[in-house]
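Some structures to go through are shown next.
One chain, subunit A, appears in both complexes that follow, with subunit B as partner in the first and subunit C in the second.
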Partner chain A sequence: MIWTPFLHAACLTLCAPPLQDAPGAEPQEPEAPKAQPAAAPPADLRLHAERVYTGTGEILKNALIEVREGKISSLRPGRSAPEGVPQVKAITAGMIDLSARLHSNFNSVEQSTEVQPHLDVAGSVNLYDKRFARLARTGVTTILVNPLDRNVIGGRGVALKTHGPMEVEARRLKARPILRGAIGSEPSAANHAAFGRPTDFYSRRPTTRMGVEWEWRKAFFDAVAAKRLPEMDFPGAEDLREALAGKRTVMIQAWTTQDIRTAVYLDEEMQREGFGDLDLVIDAGAEAWKEPAMLVRNSTIVVLPPHTAGGRIGSDGAFLAWNTANQLVEQGLTVCLSAHGAGPGPATLGHQAGFAMRGGLSFDQALAAVTTAPAAVLGLSDRLGTVAEGMDADLALWNGRPFAATSRVTGVVIDGTVVVNPR
Partner chain B sequence: MIQQSTSLLQRIAKTHLALTLGLLGCSFLLSAQAEAGEKYAVRAGTVHTLAGDAITNGVIVIEGGRITAVGSADDVKIPWDAEVLDVPHLEAYPGFVEAHTSSGMDRPNESVAVAPFLNVRDSIDPVAFYFEDCLRSGVTTINVQQGNACIIGAVGMVVKPRGMTVEEMLVRPRSGLKISAAPKSGMSRATQAQTLRATFTGLRTHLEDLVQQKRSGNDYSRREALYQGRDLSGERGKGRAMMSKGWTVEGLELVPRGEVDEKQEPLLDLVEGRIPAWIYCGAPMDVRLALEIARDNGFLGRTVLVLDDSCWKAADLIAEAGVSVVLDSTLVRTETDPKTEEEEEVFIPGVFKDKGIPFALSSRNSSTESLWFQAAMCMAHGFTRAEALAAITATPASMLGLEGKVGCLCPGAAGNVLLTSGDPLSVTSFVEYVVIDGNLVYDRSTDIRTQHLLEGVVPEGTESHAEEPEVEEDTRKKAGDEGGSR
Partner chain C sequence: MRTQRRMHTNALLLASLAFVASAPASASSREGDALAIRAEKLHVGDGTVIENGIVVFEAGVITEVGKGAPVPKGVVLIEHAGHLSAGLIALREHAGAGGESNDSSRAVMDEADLAFAYRPHHSEVQGLLEEGITTFVLAPRPGSLVGGLCAVAKTGSEVISRRAYLSICTGTNGLTSNRFPTSLQGSQAELERRFSWPRGVFATAVKGELPVMLDGGSSRTEVQHAIGFARRHGLKGLLVGSTRLGEMAAKIRAAGLGVAISNYAPSTGRRVVEGAVALSEMQVPFGFALGSPNNHPANLRLTAAACIRAGLKSSDALRALTSTAAQLAGVADKVGSVQAGLAADLVLWSGEPTDPGSRVMAVYVDGDEVFQAEDDENGDDQ
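Our next item is the complex of A and B:
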């Protein structure tokens, strides 16, 4: 019940006991000068779980996890818990939320022009924001922070652990670069038509969905044109060309089916024109269930918004059916889930996985949608998303079956540091 | 028996509900419907009575709306003429009990700050979406009370989410008077407290005046009662000494009860312990005032506190007073240390459990606030299954004076049965059928709203264009049938 923040890993570290099951661990003569057996240094942290859901489809029973220097150094099933080692019911990899929405306010995006692909949101991330710790407490260990969707193209997102050094650059993960933008009513929401004399710059910004779509197309066309005509070059043109070359993931917020359509058509138009092929991720794609064929055709990845009681969500009034995740996965699409941050209310990312299971998703698929799938989007599958030797020691510790309404995350480890003590 | 109940209901509909039931002494009403006389039986894979061990391959027999037998299929004989719901793949649970809500009313609050003479029965909307949603979430007994924005609010009633009129929905009339210890908007705490105290002083003055009038041979109150057309026959025409654990008015036996001002009468019922009080506390500081009012006026023993989530801080005071509480749907509250700004999460039901305070959960029926979900959250925070289920069945039932009548599957209880696809506290389980008073009132396979939410099925009649008219016709016919069976 009581959260002990920033509890140092040392609290849980045994005072270097001999590993009971280490091979060749025999009593040594104190003065024996002969070479010690090549035993690994004592673990920084050891944890025992009745079940470890590795994320590779495997469930390890009674597994002992050892952590050294922030990485999982060993993972051995069929062990009893050594004395003093924290024991939990279940362990999964720490969860990843690609739509954490931790922007501080409207200043989290530069609005002087509507296309700002070169700006990095890292400059406006506040690591002192309590929501990082709140997310960490719910078992979310990695998040993608994106610019606020008040611009058409808001800029670059930044992937961060929810706990770590209090400096963005030190905490930033070397993830695949993300270019973030939006389609729908939000990018034009604060803008207005100019009647008579324009009074401010919002009157020249797009005021409709078609204006927003035009800005997207113009940005890519201009970026391509600028390659031939250097005098046309503009800040961010290189980012857009990288996106066209598939070196940068383009993550577009599109709640409704008409906006999802616009995003996919934009990508297809770029392909048709020979400009390139966007690596497209639809964020908040609530209505992806309405026209999944389009997404299948374009192999689009979908990040779903949180499930709501009535189904409606977002400023565009999109309808998220609870079987959406299952329906998309059945059609071979990659789906990630999101709780849209650490907002009020108990619906955490773990609960979202449960709700997706209520909509028919299997446990393994639900686990993938909050761990391995988002890790792959970030290009960090070699570090995050699974529980295996060599992976980052980002772990969610559960007091029962993960994602069940009757269990919850009771402990959290990030980079080998116990952020929430399970005891 | 059934005939009697029906005629009773008709009488209630015709005469003044409050007056009639004052005489009945709030007896548990079996609001029988025409079909409740029929026999109904459920045969389920497992029957969880919540009043003993689970019964594998169990049978529940309901006659006249009430459960007459529960047991193993080997032991309990299903009457030959009973309609049988045979669902060996499902689990049976008693319907959940909502201890306090202001949903289902036309508007939850009245602008008159002190209005004990009002009754929520005039505001309950039987076709409110809320009641339909209750069935999906497995809630079959609901205590509807006025909203929290009052000083003294209306008299509430217990209903079931079934019926096209309030009378059909009735489970128990006059389930208590709503009081708020938190300031109504526009009032200060001091004014709220003073008005609360003054209201009871006002009742006392009124009663003393009546006694004084009788003693001085003044017949004004009788003439006023007759002028207003109040019933002064039978018990209403007789005086009775005041029975209160708080203060008393000597000589009240001189005053026929029918002569007590109608606007004051629910307050007198409260002070004399005939109806309970549901006192809302919006902050820990309100708890003290709530307890003071209840204690001073002798109804502490019949008080339930309806708490804002911040009120866990007053748990010691509540435990000392020995009252029960209804929690709001925020189960985990984040408190921030003002100095260090460190956050601490408090699991509120855990605080009350540890202090031994009986508590009920309450819901708004959203995905994360439904009773089942909240009970599941209690388990996630270390409650046993029995403790978690009690907070949505037995405990609220006992707060409503309906222990053994709702919230369990036992002989004598209302025939309210949920049939779930699995553990009702699991996210992957669904309420498949709901039986209320021995009538099948909900079948998920015909619930278009759930299908829309869960499967993205577009509700019939809202498609932008019809492609296969023949198929549509079939669906319409089916929907029509289902409408009839409700």
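Our next item is the complex of A and C:
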């Protein structure tokens, strides 16, 4: 029998507890007219859901959500839906994908040198790219955009909502700064030794994994040295020093266990040298399951790539198991899930959560992996990831239990704007 | 000699009066000979049309224009049974440089002077005259961040302005995969650096003394970046290279920029022509880019005609081809209108200049007749 993600997902649905929607099971407050405070303006948007999965482990039944000025202004369980208010089966916080990869491909990476910590990918983001809207339709409301991983250190990432103003600076979230880089075969992919006279800058380091690692180490050493020797200063040195000081998250793509190990060892070397301590996030860490102990030791956060039918993923041929997310969580690691974009096909971020549940992850853990965990990486837990009063009104509206294969996102709200109408 | 030639042209004129032929073969005013042309319709360039208007020019410069403009005694008056306009102006053009208008070795060639790329007798230039184009902005081909200083050249003649624009590509057109920058953020960082602490031509541009020709790239995001860039640094000048400019008309107007409309081509769809209408409605000054020798010189007028079909007023289209283009290129005191004091760059048309069915019958640059259509009887196109 061939096990495809869809069959797994189908199995998951069968095993999942049915959505309990027996009416009247919960005490309902009568809709008696109450004296409303005169000052309260009417809500911009009201939604009713049989279940609101708040993201704090709580499930609010028959909840009425009110939205004012892009924020959740009230969240009250045990209500029946007032006339004309859209009713859905379930609501979760909008999902967050830290590895959405909506960059503009080769235009998003400055390859003239391999270390570019100071360049901000925001300059190359194309918000008119249809993938933003496509991603929003799947319930992903916030993403991190990073440069294409063709540099050792690609630069700063930018956190964006998937819907909003059409200018990047207006849409940019005040997230914790991200320094993005890569370890593995991709940063050295186009480089080659010079035969005779070099004709372009691809005849350069690195051409090997070893060279990639060397560039990382050199960048940090140079940045530290430049602090004492101003003549050694270079663009991006300050960004690297901020990363060492923990003021910036260092997000490194490392698919295989070898590359994940390199990233962790790099961090540990910096600590040993007394240079600092990187706030390390491994992106696309498919093989994190092979040596989880070092990740636990270093309290590294792992963003997993999308599940595939055969398990193999990425240019380095890494193997992601169905139970990887669960194994890592069981070890106490923080795991985020990712769908790597909005490509055609069914494997949305919601599906990834379902696949991870098939691998043993509980619903709450799966929900956290696509909402609260990535929100925390972005330093935006006070705005994103949970459904609560005062939070951004970024909501995914479901027609059944979230992440079940028979459920899908039927409505999306971003900053209080109905991006996809559930009706 | 002078008298002899005048008599010769007089004789020719008399001989051809019955057929109301186009201009005689050797008409010239450069050596001091005055000439006068009476056209059935004379397009001044500001939108007015003078019926049976007369233009008198001497030593390459227009001296009188009007319906009853006095023709000095002894001056040859050429009768033209058709329209007359100022020579057309192409904004952003590469002809005459023989493909040497972009130095790809460096991303920033701020002091590169396109005047030194111009070869007036290059074969690429002759084709422009045949389409009535007498002036053009010689710009670097896209491919550099800063391509150099654009020159305004007379077709087949001299450069009349050497620092018309500083050519800048803010979008993907400035990227190359084998030298810095290869990325949009790299290009933006470099341009921000150059313009935030400006020196040389960058300082001149920031002061508003040197306009820029901004090639933002084709996508909306790139155009948005280009407009934002111009606003941030207080730059004045032209936006070029996108079919999306019409959609951004309000923003372009707010930034005080002009536009060079790209060629209408099957690949651009109707965006270009509808954009021209939108720009016109928003009163954004615009002219037409050409980009020969890659594009046929006829495309300048054909694009204008396509815009008219989309709703642009014919007079606005002609203005965009002549006087507005001259203003945008900073040479309105020299060319672009049929006005006393301006160069006698004139085109005699068989009909309405913006009608693609009209033919160029004769072209004068600085009073010299530099092109004359072959007679229908002798021509092989009839």
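What we mean here is this: the second predicted complex is superposed on the first by the 384 of 423 C-alpha atoms of A that agree within 3 Å, B and C clash if a C-alpha of one lies under 4 Å from a C-alpha of the other, contacts with A are read in each partner's own complex, and residues count from 1 in each chain.
Note that in this section a residue touches a chain if its C-beta (ideal position, glycine included) is under 8 Å from a C-beta of that chain, and two chains touch if they have at least 3 such contacts.
All of these numbers come straight from a predicted model, not from anything done at the bench.
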| item | value |
| --- | --- |
| Combined model on subunit A where subunit B meets subunit C, clash or fit | fit |
| First, second, both or neither for A:D200, with subunit B first and subunit C second | second |
| Comparison of subunit B and subunit C by subunit A residues contacted | B |
| Subunit B versus subunit C as contact partner of A:Q111, first or second or both or neither | second |
| Touched partner set for A:A347, first subunit B, second subunit C, both or neither | first |
| Which superposed partner A:E167 touches (first subunit B, second subunit C, both, neither) | second |
| Partner chain(s) touched by A:A309 [first = subunit B, second = subunit C, both, neither] | first |
| Touching partner for A:N126 - first (subunit B), second (subunit C), both, neither | second |
| Contacts of A:G359 with subunit B and subunit C, given as first, second, both or neither | first |
| Contacts of A:F220 with subunit B and subunit C, given as first, second, both or neither | neither |
| Per-pair minimum CA distance [subunit C against subunit B, superposed on A] in Å | 10 |
| Intersection of subunit A interface sets (partners subunit B, subunit C) | none |
| List of subunit A residues in touch with subunit B within their complex | 1-3, 5, 130, 133-134, 137, 289-290, 307-311, 319, 321-324, 327, 345-347, 351, 354-355, 357-359, 399-400, 403-408 |
| Footprint of subunit C on subunit A - complex, ascending | 104, 106-113, 116, 118-128, 147, 155, 166-167, 199-202 |
| Partner subunit A, residues of subunit B touching it in the complex | 331-332, 334, 336, 341-347, 350, 365-369, 372-373, 376-377, 379-382, 425-428, 452-456 |
| Partner subunit A, residues of subunit C touching it in the complex | 172, 175, 177-189, 219-221, 224-225, 228 |
